[in-house]
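Pasting the structures here.
Look at the two complexes coming up: chain A is in both, with chain B in one and chain C in the other.
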Partner chain A sequence: MSSNIGSLAMDSSLSVRLVKSLTKYFNIFKVSLVERLAYRADFLLGTFLRLLPLVTTLLLWKAVYANKDEISGYTYRQVVAYLLLVHVSRMFSSMPGLASGIARDVRDGNLKRYLVQPLDLISYLLAYRMAHKVAYIITSIPLYSVIFFLCRDFFDAPPDPCWFCLYATALLMSFILGFAFEASLGMLGFWFLEISSFLYLVNTVNFFVSGHFLPLDLLDPWVAGILKVLPMQFMAYFPAALIMGKAGDWNDVVWGLGIEAAWCLGFLAMARGAYALGLRRYGGYGG
Partner chain B sequence: MIDPPIISAKELSRHYRVAEKSPGLMGSLRALWGGRNRVIVAVDNVSFSIQPGEIVGFLGPNGAGKTTTLKMLSGLIYPSSGTAEVLGYVPWERADPFRRQFALVMGQKNQLWWDLPASDSFELHREIYSLPKDRFRRVMGELVELFGVAKLLRQPVRELSLGERMKMELIACLLHEPRVLMLDEPTIGLDVVAQQTIQRCLREYNQSKKATILLTSHYMRDVEALCQRVLVITNGKLVHDGPLAGIVQRFGAYKQVRLQFAGEAIPPGLRLPDSATVMGSVVDLSVSRDMVSETISGILEQFPVTDLTVSDPPLEEVVARYFQESASGAGA
Partner chain C sequence: MALKRSFASYLRLVAVFARFSLTREMAFRGNFVMKVLLELVWLGILLVFYRTLFRGVDSIAGWDSASFLFFLGCYYTLEGVVETLFLENFVEFSDLVRTGNLDLHLLKPIDEQFLLSIRLIDWSTVPKLFIGSGMMGVAVFQMGHPVSGWTLALFAALFVAGVSMAYSFLLILSSTAIWMVRNQSLMELWWLFSTLMRYPRDIYDVAWAWPVRMVFTFVLPALLVVSVPAEIVGKAILDPWWICWMLVSAIISLSGSRRIFIGSIASYRSASS
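Here is the complex of A and B:
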């Protein structure tokens, strides 16, 4: 009996702590959002500049399709739609400066801020990145709306609303996966003094293997098969293919979302593990 | 009854492994195929305890191990061996209740967001420490008044002067009213006025909140103004734990005597030791305490002295001698 009361009290204290912790990070999210919205003009210009190379890419694809109606199940219209949708995926999953920022904080000693205050580095960065993404997406919506409206003829009829729910789920998880993936890379800063060249290499490879450059289905089936096992495809290809109906039927998509969730958990665990191990090596130099 | 110590360190040690590289291009190339590593003992079996409400100065030459000890006590780094407790917690376990009662000021980019006004950083601080709004406003009001920075709150931090930034850093550290405050060189690079302001504010905070303060500083005036007790560390070893006066008594066994003679130069026939310095008709002498009256009366009897001062040697000089002697003793 007494042990039951004890465990109830412990549950209650745990839930109070959890609520307090969530409230704290939600408030950090709010403050960060205010700070991030100060950079809205930069976000708008950044979005515009990111979309500019799309014009040349589309001309290239027009040349590729000059004598063909379809390549590996994709028409020219569908490739254009895919490339536009991939931009939406990357809007959620890209984390510019996250890994290099963590490595810099480790190298320069600025990590101490997270160690002496009642803060968890990974939760804090997640709240901050959420604020960054919300500010970025809010700022970019008008521009994307205009572009999607102008390019409406490239898209097929909207799918069932349920697919939009799955699409939203895939995008939200691509945010978590992109965050956890970059955070894990950033933890390498505990072991190496400079990781910028490594990050450049990873980002370059990621551009290709995530399906940012072209739909993975256009590659040789065995290459596509390998790339579809890797987590990177969930950061660009999978959400876009899902909403275009190219990721299989309902069961295939739900299975894909399950794998995406597993990758999210795996990379979050990796980031946490690397952080804990890294702190053992941390010398707190600088700053 | 004596309170239990609020900070205690027992046989605390920290070793670093550092890569050694020969100078020049060849050295860099050789280092590519596995350089040599050397183990540095930054802190070596240090033990001490601090009672609640004490202000303790941590002294030592550069590289002595002061900052490394502070980093261990604040939970930034793990020790190689030994144990420590601060506020009843093991610091490097970084329990939230510990971090809510403690603050560390190390360098000038701890708490503040560079591109935002300090008040925005304080607001974020409130969220991080989950401080109730009423308490936050009251404490912030008190601290802003104490440090005299009301007009600077809405100015981006990057536009503040070094002294103003340091004051803001200290306010950010004190907003959650820590019971233990650790400061690493809090007045480095500041002018005398800013140094004195910070000394005064720290003293008032210590007295009003009964807070415990552990600080390192190369400015002996900070230590003299604030610390009843000092810990001296050289080559990673603790070599003194006690009042500052103890060092002065032990190593200040001489007085400084300044004599001004009539005329443009010192009188002929005055015999001076090699350590004396002469500028025109002014002479500075270091004289053993028990020889001061005899030396002065001898000079006064024979030579025309127009002015005379006797003082203790500067604290910096005393402490520097102590460091040198302790280092040679520790290294022996």
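Here is the complex of A and C:
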């Protein structure tokens, strides 16, 4: 009887702790969302400017397809649809400033604030980034709705609703993968004083190998084959190809989502492991 | 005579700035190597993209494979010149305004525009000049027709005009930092400007893109910066109207940006006071 009461008390204290912890990170999410929405004009201008290069890219592809109906299985309409959809993928997976922010906190000694407070760095950053993404997506919806409406002729008929569920899953996982990938890179700050150039290099390579620049299928088959083995393709190419029906049949897509989930877990584990190892050598100077 | 002496002293200053910047870069050799590597990666991406574009077609908007390579080489070299000489200075300009450190530069007995435009030279982008020139050389070889000295001279003049236009645009953008302390989105405008330069202007020959072409040819002539010089050699087009308009645009850009810069400096109130 007394052991039952003891285990009940333990259960309730565990659930109270869990609720408190979730409330804490939910509050971080709320504050970050309000902070982000305070700069919505700057935000909209930035989004608008990022779309203008898309116009030049579309014009270039129009010129490429002037005398050709299909290249490597893609028509002009499909390339345009892909380039628009890849913006949606990147909307979820891009994490500007995450890795450099972690490295800066390590270098400047500001990491101490996570160590002296009941806060877990990775959970805090995840909540913060989720808020940023929600704000970004909310403010981008009107603009993207107009663009997708104007470009509606480039898209084929909407696929089965089940495919939308798979697409949403791929996008959510691309957010987690983008976060975990950048967080892992940021942990390099524990071992190297200055990693900004390295991060810039990785981001540049990632921009290309993730399929942001062009559909990976248009590259030489052997290059495309290599790039489709890398995790970066899930940050841009895979979700876009999935909803366009270019990622294979149902089995291929489910298999692809499984691989994406494995990469997410792998990079989250890497970020956690690197953080734990990094803390062992962290001095906490400055700040 | 005084003008000549003044010109010589400014040239000497450029040499001193270059030496100082190189010393600074060599203090962080690893970072310097990484920056050079980054430029090479960009080049690799550019070339893979170029190769992919021409995998299925013979020409794009009237540019065949060799002439398009010349265009890319020209773009890469021009971007290299701007990044080597000016970009870092303009990126730092808004910081100088925000922190009040601009005061120190304004007190020096030298033209402010000259000092603020060229005091930092980015040596990591110098390889772009050689690689870009090499790409142009390979393209000319592939084109198989000789390029006369007269054409080369005209190309060089228009290339300088293109650099002047890009420089003027950067100067105007940076000048606005004095009125709007936070100009992060404005620097994104530079990225937009360079995106417009990246492809031949012929791709804008589409009905719905006509307004874009007009604005970026006559109001903010970003589409001319690389296209007009590259057309002279790459497509052997010698259109006097476009050549004149490019040169006139460069002169208007330089004088207009100088006026805006002086106007912005006049309204500078120093953050430290």
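The working rule: the second predicted complex is superposed on the first by the 269 of 287 C-alpha atoms of A that agree within 3 Å, B and C clash if a C-alpha of one lies under 4 Å from a C-alpha of the other, contacts with A are read in each partner's own complex, and residues count from 1 in each chain.
Criterion: a contact is a pair of C-beta atoms (placed from the backbone, for glycine too) under 8 Å apart; a residue touches a chain by one contact, two chains touch by 3 or more.
What you are looking at is a predicted structure, and each value in this text was computed from that prediction instead of being measured.
K.L.:
Using the superposition on chain A, tell me whether chain B and chain C clash or fit.
P.N.:
On the superposed model, which is not a single observed complex, chain B and chain C fit side by side.
K.L.:
More chain A residues touched by chain B or by chain C?
P.N.:
Tallying touched residues of chain A, the top partner is C.
K.L.:
Which angle, in steps of 10°, is spanned at chain A by chain B and chain C when each chain is reduced to its C-alpha centre?
P.N.:
Vertex chain A, arms to chain B and chain C: 90 degrees.
K.L.:
Considering only touches as defined above, state whether A:N110 meets chain B (first), chain C (second), both or neither.
P.N.:
The answer is first: A:N110 touches chain B but not chain C.
K.L.:
Just to be sure I read the superposition right, which of the two partners does A:P118 touch: chain B = first, chain C = second, or both, or neither?
P.N.:
first
K.L.:
Mind working out whether A:F208 is in touch with chain B, chain C, both or neither, as first, second, both or neither?
P.N.:
The answer is second: A:F208 touches chain C but not chain B.
K.L.:
Regarding the shared-chain residue A:T23, is it in contact with chain B (first), chain C (second), both, or neither?
P.N.:
The first partner, chain B, only.
K.L.:
Looking at A:Y282, would you say it contacts chain B, chain C, both, or neither? Reply first, second, both or neither.
P.N.:
Once the two structures are laid over each other on A, A:Y282 reaches chain B alone.
K.L.:
Rounded to the nearest Å, state the minimum C-alpha distance from chain B to chain C in the superposed three-chain model.
P.N.:
Superposition on chain A places chain B and chain C at a least C-alpha distance of 6 Å.
K.L.:
Across the complex, what residues on chain B touch chain A?
P.N.:
Touch residues, chain B against chain A: 16, 71, 74-78, 94, 96, 99-100, 102-104, 106-107, 109-111, 113, 116, 120, 123-124, 127-130.
K.L.:
Taking the complex as given, what residues does chain C use to touch chain A?
P.N.:
Against chain A, chain C makes touches at 28, 31, 34-35, 37-38, 41-42, 45, 48-49, 51-53, 55-57, 60-61, 182, 184-185, 188-189, 191-192, 195-196, 198-199, 202-204, 206, 209, 212.
K.L.:
Using the touch rule from the top, collect the residues of chain A that touch chain C in their complex.
P.N.:
On the chain A side, the touching residues are 42, 45-46, 49-50, 52-53, 55-56, 59-60, 62-64, 66-68, 71-72, 194, 197-198, 200-201, 204-205, 207-208, 213-214, 218-220, 223.
K.L.:
Using the touch definition from the top, list the residues of chain A that touch chain B in their complex.
P.N.:
For chain A paired with chain B, touching residues are 20, 23-24, 27-28, 30-31, 34-35, 109-110, 112-113, 115-119, 279-280, 282-284, 287.
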